[in-house]
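Below you'll find the structure I mean.
Order of writing sets the chain letters: A, B, C, D, E and F. Residues in each chain are counted from 1.
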Amino acid sequence: MLTISRRISVIVSLCLFSYIGLISETFSNETSLETINSGDTAFVLVCAALVLLMTPGLAFFYGGLVRKKNFLSVLIQCYIIIGIVTLQWVFIGYSFSFGSSELITGFIGGFDHFALKNVGMEAKGTIPHSAFMIFQGMFAIITPALIIGAFAERTRFSAMCIFMLLWTTLVYDPVCHWVWGGGFIGAMGALDFAGGTVVHINAGVAALAFALFVGKRKGYPDKISPPHNLPFAILGTGILWFGWFGFNAGSELAADGIAANAFVVTHVAAATAVIAWAILDWIINKKPTVLGVITGAVAGLVAITPASGFVNPMGAIIIGFGSSSICYFFVAYLKPKFGYDDSLDVFGVHGIGGIWGAIATGFLADEAIGGTAGSLAQTMIQIKSVIITIGYAFIMTYILLFIVNLFVKLRVTTEEELIGLDLSDHRESAYTVLE
Amino acid sequence: MKYIIAVIQPEKLDEVLDELTKNDVHLATVSNIMGRGVQKGIAEVYRSHKEAGSLLKKVKLELAVNDDFVDATIEAISKGAKTGAIGDGKIFVLNLEECVRIRTGEKGSGAIG
Amino acid sequence: MLTISRRISVIVSLCLFSYIGLISETFSNETSLETINSGDTAFVLVCAALVLLMTPGLAFFYGGLVRKKNFLSVLIQCYIIIGIVTLQWVFIGYSFSFGSSELITGFIGGFDHFALKNVGMEAKGTIPHSAFMIFQGMFAIITPALIIGAFAERTRFSAMCIFMLLWTTLVYDPVCHWVWGGGFIGAMGALDFAGGTVVHINAGVAALAFALFVGKRKGYPDKISPPHNLPFAILGTGILWFGWFGFNAGSELAADGIAANAFVVTHVAAATAVIAWAILDWIINKKPTVLGVITGAVAGLVAITPASGFVNPMGAIIIGFGSSSICYFFVAYLKPKFGYDDSLDVFGVHGIGGIWGAIATGFLADEAIGGTAGSLAQTMIQIKSVIITIGYAFIMTYILLFIVNLFVKLRVTTEEELIGLDLSDHRESAYTVLE
Amino acid sequence: MLTISRRISVIVSLCLFSYIGLISETFSNETSLETINSGDTAFVLVCAALVLLMTPGLAFFYGGLVRKKNFLSVLIQCYIIIGIVTLQWVFIGYSFSFGSSELITGFIGGFDHFALKNVGMEAKGTIPHSAFMIFQGMFAIITPALIIGAFAERTRFSAMCIFMLLWTTLVYDPVCHWVWGGGFIGAMGALDFAGGTVVHINAGVAALAFALFVGKRKGYPDKISPPHNLPFAILGTGILWFGWFGFNAGSELAADGIAANAFVVTHVAAATAVIAWAILDWIINKKPTVLGVITGAVAGLVAITPASGFVNPMGAIIIGFGSSSICYFFVAYLKPKFGYDDSLDVFGVHGIGGIWGAIATGFLADEAIGGTAGSLAQTMIQIKSVIITIGYAFIMTYILLFIVNLFVKLRVTTEEELIGLDLSDHRESAYTVLE
Amino acid sequence: MKYIIAVIQPEKLDEVLDELTKNDVHLATVSNIMGRGVQKGIAEVYRSHKEAGSLLKKVKLELAVNDDFVDATIEAISKGAKTGAIGDGKIFVLNLEECVRIRTGEKGSGAIG
Amino acid sequence: MKYIIAVIQPEKLDEVLDELTKNDVHLATVSNIMGRGVQKGIAEVYRSHKEAGSLLKKVKLELAVNDDFVDATIEAISKGAKTGAIGDGKIFVLNLEECVRIRTGEKGSGAIG
């Protein structure tokens, strides 16, 4: 493992040097002075609700896959992250991500929207500014929630809370600013429609760092029981898929042709990835499995995210098919070789799927859709943005983990782990046995 | 009186209960258990990770019977549960010293049926 | 207990006398002749669907907290209430609540919309009249459904059906008319954006009356097993939160800046309340609990409901924080002292949270949002509206319970209670044991 | 049984001859050249998401009713159908259903939209063409998914996949074209707002054919255990009801008065049907049951589907009441007499309810709503369209089953059936027992 | 030492445990089982199809007790579980040869309590 | 032949099964039970209402073994399950009169393994 992370570090160090040079003038994406359009507003508000729903959906997707004794711990983590990140976003997160002034040029926003100052009912584009703010806030919520799958079943709740507050502020907000808030990645022309780098690579890589830091679960890999309640995981997948329409189509911030295209390619990529994973399972494990099908769905949804405003349905099929194939190979073959314990394959699906999607956007983009044609040059820009994100997310996450661990141990005691986090950290049980 | 415990394949429960009824053994207590036996079972697969599958879902039957029903009970269970394949299960016979019907307070072999 | 209800009655009698004098000319809120706006219509219809979804969400929120043997009874009650109230609403409820003529001036609407007469595709504001009608109908459905949490696990299904039909007609419809339908509470300037008085106080107080009337569950408080399936309760919370966006933002009846603000404050208040309850649990019970987190979420959502069109996000934080603190104190300390058995704390969360929210709206209102500035005067109006609602809801509910009980016993027999309502009242079991 | 199907065949043969003569000029429903309206687009996209959500909802509705050992098999079937039909739709299904050129005049569309050629961001009516395409695609997904309830617990996964691909192409697409795509049923003036014939009768009849073909489950009817998890079925119902608003109101393809009316009547019919089924259960089985209530809800939703753009709320009450009564009678009395094993009553609820709804549309249509008044003449047209659909769906399904069965046996072995499809076909278990 | 197995109605569990406590029998093992007995139970109904309801939900208690506690135990269970109606359940008494407290390694009747 | 029943902490199941395997006891029947013991358990808390927590989740093992395996079995279980803390559990040994392998009809001690 060490070698891998060392090698990654080397690559990233190189990047660190280079991208400091890359930081250029930032654009303000404040186009205001337009009037509010009721159709667009209706669309973005509903999409924001859909994206919020994804976090409970994710809670069940993850929760169904852990052991009974840790089910509640996964669920409560998702809900507490909604609480923590919402407050963080309201006070400082939105300002750091989308502030028009900048603390560090191209790198992070300033304090001009501190506590939502000047974020009200006035138009931002064709929707109220507060609608834009809350829609983006939902993205800030789900991104850290994605990470919990990696450290499930062995991480102390209190330590996790502190980590998440820091991570959101020091990793999510800057990366969000780089890409969407007028920062240097957006400025260099990288395409990320709904969060390939900002959300999925970011979370996936943080997940990897966390899994490495916190170590394997006791008994991993052979003595970990199978998913305790697959139906809940399937329910979560259904909710995720549903919410993802809000995530991708809503990112257009208007109810128009591009939103419709984003909706279509999102669905097509997910459907393709479902079929692809099922076929691979069928060939390799003799039977298509439910866990495979839902993993494929998520892999497809992840990979289409950055591309959804840029590719056409045929591109979506390639992205969906590629995502399942690559993630399958990674999760089934590479991960066991590496031997780290990313409990629910957050890196294997969100990280790898996100990387694939971000890069594929570069060569599959259709000029007729988003105005940019796929090209080698664009692909290189995509790769650059991916590498920068990976490096930053990995190193910063690792540093944050190290610091948090000095104050509160991230890992529960072996006894607590054996008893299960529900009882040891929350004094509750998911299900009663009698009656 | 004997206390008979049988571990069988879940899908055979209906047939076993039918056979028991045919042999006038009507009362039974049934529960879900996990069994580790010679049978290795159908390995479950999760993200290409094959579960050893060492613990398989089985059904446990408990029957209190009078001595003259023991053989018939064993045969009935065997008949209903047997496929000839590994995993068919086992029957255990323990001695039962006393039996009480709560409703009437009745004791002994009269309370069994 | 008797003393409490007696004291409440005294207060209410006083009010009864005073508010009869208060009834003033009513305004018709028919502003029509405008044209239908597709964005607003899309928004209100989707919001109506979201509000409908809250009732199944509530069913799982409540159902997860009862014992296995009564799970189905909670679920079926929610669904049958959808059926009963929808038909009541179509025939008479909408007309009683929003009829432009009035049977009793300021108190209840007339028969002019009997069986949806004149409620068609024509514009009411910027949306079709029937869209307004069905959106309001969803509120009429969830309000009685909220009450069932108080009498769960011991109430006869048939008696409950009769009670709900009466309660909707004689409690919900009038109070709705007072506040939103052109009645005297609206006329006196009370602010209730999405149902603090109409929905939550109304239901919470009815719940208290019901719990007092029907008595404690056998074994309460020490022999009642814990929530049989917390994950279902968490799922229900997620659905409620999602649907609540429709409830509060949809109450603007348009997709505009106020709707966006309502959406934002709803989310912020809920998130704050989650954190507040978790912290209180952490301090008092040593561990943050899942049940605490979801109770906090609901408490925050309840309290922001009346305020959502009037306060800004900082006001929402105060409301959310206050709601969790007050409800926590009530549920954990006061309720056990009183000793009544409100099974799922409907009064403690919806009643108390609703009262707090309604009053807080009076001093936290931001003129920039809804046109009214918070003031002592406004707060007094809010308090007046709260007291009137409490008094009316409590007394009428108690009278209705008394009458229904003369014909059909509200409480099941002890044997039925021990066996569980699923089997005794519905001949079904939630889960099979074997296979 | 044979006599029934024989008699049906005779009727259908007659129809076959007659409707060939009926095929008349088809209209192109391309009205474009209008501009995109953001409110309508927002509405249709959200509705498309709601309709997609219905398939996972259906998965739980069905899955809760089967035995534990077959739960996953139902869930995975729903998800794999999403995958298969989406790809089929993108490549050929949309073109066969809505192609403006026709392969066989009046019968099936041509290849002009092969692989979504010319289906992009341009307006079709007031929404982007791709929004229309994906909204319709969601209908194509749920229709085959409805069928799986009939053959649950005994059908081989691989055979099912092949069948579904063929069925979608050779049954769904043509019938969709006949009714909505410019084909002969639409041309003869039959009313089907959201899919009485195309979706419910089509799926219900195919379900009957499948149940007859594949035979009874081992142990049916007396040794089949009751629903293993009714709460999941209730959850599924809630999701279905929620999604159905998108299904019916969205079929207007605009956020206007007709959409609002469709929303209202959908809700009213479902609520009425809930009450009706509960009352029938109460009278006949002494107790209202949860399974009855949710079956009623679905029966009401099915029956209102074709009528939702044409009837008023009073018509909806008649349709809802009628649907529950007729389906109840069919499921509780007739089906046991016939003796076939339609595991989850797909024919009894979707088939029968769809037939009732399609015919009732003929005499209950309100001119003020959809421009057509109910009449005997219209009813005869409705009956004609119903008979044609029944005949085509039954015969084609049977033929497809026969062909598929030649290559892959549709029915699993007895041993596999006893072990359960989850383990035998997918190597997974829904729930763990320990921990 | 005896190993007592009792099958009772689920809703009677609390009362039985209370009665046992009163008689100084504190330790017990409880599980869910399905029982087939004389009782026919409340038939469940699904889409008008009446379930034979032959297997009913019951609770099983297992108690290891010293010989001088046997009678008190049986009486306590009977007292807590009895309604006089069919379905009250049964008590079975088996001989217990050895008992080990894992924590201390203690054996025999001292390990029971 | 003996019929050994052991009640242990759920989190110790894997270790116990491992120890048993090491001692050549491969077959076992496992089930979830609730135990009332000396251990009071971690009290669960619901809306600040502390659950007595008198019934705790445990795992029950049942093993039919030949006489010469009894001691090894008891030791293996103890070794795997012991932490020294209250709640470790108990082992009960009953006499087993007969054992039948359903698949082959084999009886007696040969049928046990």
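The criterion applied here is as follows: contacts are C-beta pairs under 8 Å (C-beta built on N, C-alpha and C of every residue); 3 or more make two chains touch, one makes a residue touch a chain.
A quick note: this is a predicted structure, and the numbers were derived from the prediction, not measured.
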{"item": "Touching chain B and also chain D, the following chains", "value": "A, C, E, F"}
{"item": "Of B-C and A-F, whichever chain pair has more C-beta contact pairs", "value": "A-F"}
{"item": "Pair in B-C, A-F or A-E that repeats B-D, with over half of contact pairs matching by residue number", "value": "A-F"}
{"item": "For chain C paired with chain F, centre-to-centre distance based on mean C-alpha positions, whole Å", "value": "50"}
{"item": "Between chain E and chain F, centroid-to-centroid distance (C-alpha), Å", "value": "18"}
{"item": "Rounded Å distance between chain C and chain E, as computed from the means of their C-alpha atoms", "value": "44"}
{"item": "For chain C, residues that touch 2 or more chains besides their own", "value": "37-40, 42-43, 46, 69, 226-227, 235, 285, 287, 289, 291, 427-429, 433-435"}
{"item": "Where chain B touches two or more other chains at once, by residue number", "value": "10, 30-32, 34, 44-46, 55, 94-95"}
{"item": "Graph class of chain-chain contacts, one of line, ring, star, complete, other", "value": "complete"}
{"item": "Complex contacts: residues of chain B adjacent to chain C", "value": "10, 13, 30, 32, 59"}
{"item": "Touching residues on chain A, where the partner in the complex is chain D", "value": "37-40, 42-43, 46, 50, 67-69, 225-231, 234-235, 237-239, 241-242, 245-246, 249, 254-261, 263-264, 267-268, 271-272, 274-275, 278, 285-291, 293-294, 297, 312-314, 317, 368-369"}
{"item": "Residues of chain D touching chain F in the complex", "value": "433-435"}
{"item": "Interface residues, chain F side, partner chain A - complex", "value": "10-12, 14, 32, 34, 42-46, 55, 57"}
{"item": "Partner chain D, residues of chain E touching it in the complex", "value": "44-49, 51-52"}
